[in-house]
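The first chain written gets the first letter, and so on, giving A, B and C; residue counts start at 1 in each chain.
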C-alpha cells in the first residue's frame, strides 16, 4: 500500500482541533471556563481565612469570649456579626479561634501523614522486589477501607495519652499516608531509570548524596502539593471527630466543637450557631481544594486519581 | 466467570485478615488497658487491685505473647464471638450488630438509590446541555458537595425542616429493630436519607457527566449521528450504556465513603444504625464493640467491591464473552 | 443536477491557538453514479470535508460557502431536517468500522435501529438490511445476535457498508475506508465501494492511499494545506499531474525515485495569503506570493490551483 508520504512538520491532528481544544483540566471542567477567576477568588478567600486565623488574638481577643448569659443566643448584629451562642459568647471570636485551631491541627495531621507516607514510600521504592510487592498490596487493601471509621478507632485508643490534637493527627497520619507513599515510591522508581541518576551512580556518587542532591529536589514540590491537597481531608477529620465528641476537648473552640455545641441552640432557633462555623469548614476546604487541584492540574496531570477526597 | 468469582472470594478472608491484624496491632500498641476498662465497666466503683488485675489477665490470656493473643482473638472472631460490649452492659457484640445492621442497611441502601438516580439525571442533563448555565450549576454544586461537611448540612436540614417548618421529625426512629419486626417509618428516613445522598452525590454526578462527554466523542456515537439517529436516542441508547459500565465500579469504590458519611449523619439524626452505634461505642471507649464495627465495615467494603466488580463483568459484553 | 455540489466551502475551528483553517474554498460537484476521490496527506483537511458535508462538526466551527444536496441547500437547514438528511439521503462510511459499531449493542439491534430511523418499518428494515448484507456476502441472521467484537474486521466493514447502503442514499461518503487494512481486505473494500457507485449513489472517497484512488477511477481531488489544488480525471492525474504539488507527491513515491518534498507544510493556523505550496515549489515565480491562486481550467479538462496554468 502506498500512502501519501507525510512531510515532516505536517500539522498533526489538525483535522480535529475542536476535540483537541476540549481536552482541558479537571478544575476547568468542574468550575467552568473562567478558571483563573475561580482560582483567584478561592486563593484570596483562603488568604483572608488564614489571615483571620493568624491574627485572631488581635482582631478578636479571647477575653471578649467571656460568658454573658444576658446576651444568650443573640442573632447576628454589628457588634456580633455571627451572633452569640447559648452562653452569650461572641461567635465570631469563637469562629476565628476555631479556625486557627482547626488549621493548626490539620497542618499537624497532614505533616504526620507526609512523614509516615514518605517513610514507607522510600522503603518500598528502595527495597523493591518482594517487599515492595507486599507493601503495595497492603496499601491497596488499606486504601479501600473507610478512613473515618479507622480514624475513630485510633482516636479512641490514643486520645488518653496523646490528647485531642495528637490523636487526630495520628488518625489522619495512619489513614492518609497511603497516597503520599504512592507518590514517593512512584517518583523513586521513575527517578532510578533517569539517565542523570544512572550517570551519578556510575560516577560513584554515594547513596546519601544521591538522595539529597537528586531525589529530594524532585520530591519536594510534589510533597508540598500533596500536603496542600491533604488539608481538606485533615480539616474534615478534625471537625468530624470533634463534632462527634471524639476530637478536641470540649472546652476548646474548634470548629467541630462549635458545631457540636450548636445542636441545642438550633432547637431554640439559633441557626447562626451552626451556620457560620460549618460554612467556615466548608469554605476553607473548598478553597484549599480548588487552589490545590489547580496547581496539580498545571504541574502534574498524571496524578488525577490520587489524593481525591 | 466462576474462576473470577472464586479468586475474589478467596481474597476476601485474606483482606479481612489484614484488617483484623491491623486493628489488633493498633489496639495492642495503644495505652488502652482492657483490665481497667473491664473493671470500670462491669463493676463500677471497684478499684483495680493488683490481685484482681492478675486474675483478669490470666482469665483473658493477656499474659500470653502478642501473636498468641492475636491468634486466640482471631479464633474467637471466626467462631462468631466478637466479645462483650461494655457500653451495652455486657451484651454480646454480635447481637448488638445484628440489631443495628438493619436500620443502617435501609439508610445506606435508600441513600445509594437516591444518589444513583440523582447522579444519573443530573449528570445526563449536564452533559446534554453542556456549557449551559444548567451545566455550570450542576457541575459547581456537585464539586462543592464533595467538600461540604455532611454533618453541617444535616444540622441545617434539621433546623429548616424539623425546627422551623416542622414537616419532618429531627430524630426519634429509636424503636427500629429488625428483631421486633419494626418497620422503617418513611417520615423518619426522609431527612437522613436525603442529607446523606446530597452530600455523597458529588463524585457520582461529575463522573456521569465526564464519562458521558468522553463517550460522546467516540466514533460509534458520531456514526450513529451520521446515520440520522436523533439527539435523545444518541444520548440514551448509544452513549449512556457505555458510560454506565465504568460507573458501576465507582459505586463499589465509594461504599466506604458512604459508610463514613453515615456515621456522622446517623449521629445527627439519632438513627438507630451502626453509624450511631459507632459514635456511642467510641464515646464509651467500648473497644470490643468498636473493633467489631470496623471489621463489619471492612466486610461491607470488600463485598461491595466484589459485587461491583462482578456486575461490571456481567454488563460489559466484551468481558462477559471472554469469561465464558 | 449533481447529487451533491459544494461551492467555495470553507471550514475553520476556533481554538486557543487561533483559527485552524481546515478547509478553504472547496468547490466540486458529483453526479449520481460518479466517484470523486479526495487525497492528501494526513492533517490536510480531508476528514473535515466529510464531516462538513454531513454537518457533523463540533460547536467551535465556522462554516462558509454552500453545499447543495440534489439542489437543496444544506448549510442553512435546521438541525432537525438535517438529521433526516443524514442516513436517508447521505450516508457515511466512517474510518475504522470496528470503532464505529457500539461495543455494548448487538449488531442486529443496532442495524435495525439505524434502518428504522430512515422511516422503514421493522419488517422492511430487516429485509432491506438482509438484502444489502447479501450483496456483500453476508446475511442478517449471521450477524444479528452478535456483538461487534465477535465479528472479524472484514465482517464489521461489511456491516457498516450495508448500513450505508440501506435506503439507497443519493450520496455515500467513505472516510479512509481502507485505513489500517491488510491488502486483501483493501481489495474487497474497493470492490464494494465500486458496487455502491454502480448502484447509483454519488460516491465521495477520502483516502491517503494513492493505489486505492487510482483503482477507484472517477475523478480525483488533491488537497494541500486545506486547499483543493488539483481536480481532474483520476487516470489523467496519475499519468501526468499538473499542479507542482501533485508532481512532487507522485515523485516522492518509491517507484518514482522517492524524492522527498523539501520543506514543511504551513501551520493551518497561519496560512499565507498566497499559494500555500509556494515556499516548497520548484516552479515558484512572482504571482505565487501575491495572492491565493484561484482554480484555473486545464486544457485537457479539470482544474488546478496554480498560476502556471493562468
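Heads up, the rule we're going with is that contacts are C-beta pairs under 8 Å (C-beta built on N, C-alpha and C of every residue); 3 or more make two chains touch, one makes a residue touch a chain.
Predicted model, so just to flag it, every value in this text is computed and none were measured.
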item	value
Chain pair bearing the highest count of C-beta contacts	A-B
Most widely separated chain from subunit B, with each centre as the mean of CA atoms	C
Approximate Å spacing (C-alpha centroids) for the pair subunit A, subunit B	22
Distance from the mean Cα position of subunit C to that of subunit B, given in whole angstrom	54
Touching two or more other chains - residue numbers and ranges from subunit A	19, 22
Contact footprint of subunit B on subunit C as seen in their complex	54, 56, 83-88, 91-92, 94-96, 99-105, 113-114, 117-118, 147, 149-150, 160, 163
Touching residues on subunit A, where the partner in the complex is subunit B	19, 22, 29-33, 138, 141-142, 144-150, 152-158, 160-161, 174, 232, 236, 239-240, 243-246, 259, 262-263, 266-267, 269, 271, 274-275, 277-279, 281-282, 285-286, 289, 308-309
Subunit B residues touching subunit A - in the complex, by the definition given at the top	15, 18-19, 22-23, 26-27, 30-32, 131, 136, 139-140, 142-144, 146-149, 151-153, 155-156, 158-159, 163-164, 203, 206, 210, 217, 253, 256-257, 259-260, 263-264, 267-268, 278-279, 282-283, 285, 287, 290-291, 293-294, 297-298, 301-302, 305
List of subunit B residues in touch with subunit C within their complex	218-220, 222-231, 233, 237-238, 241-242, 245, 315-318, 321
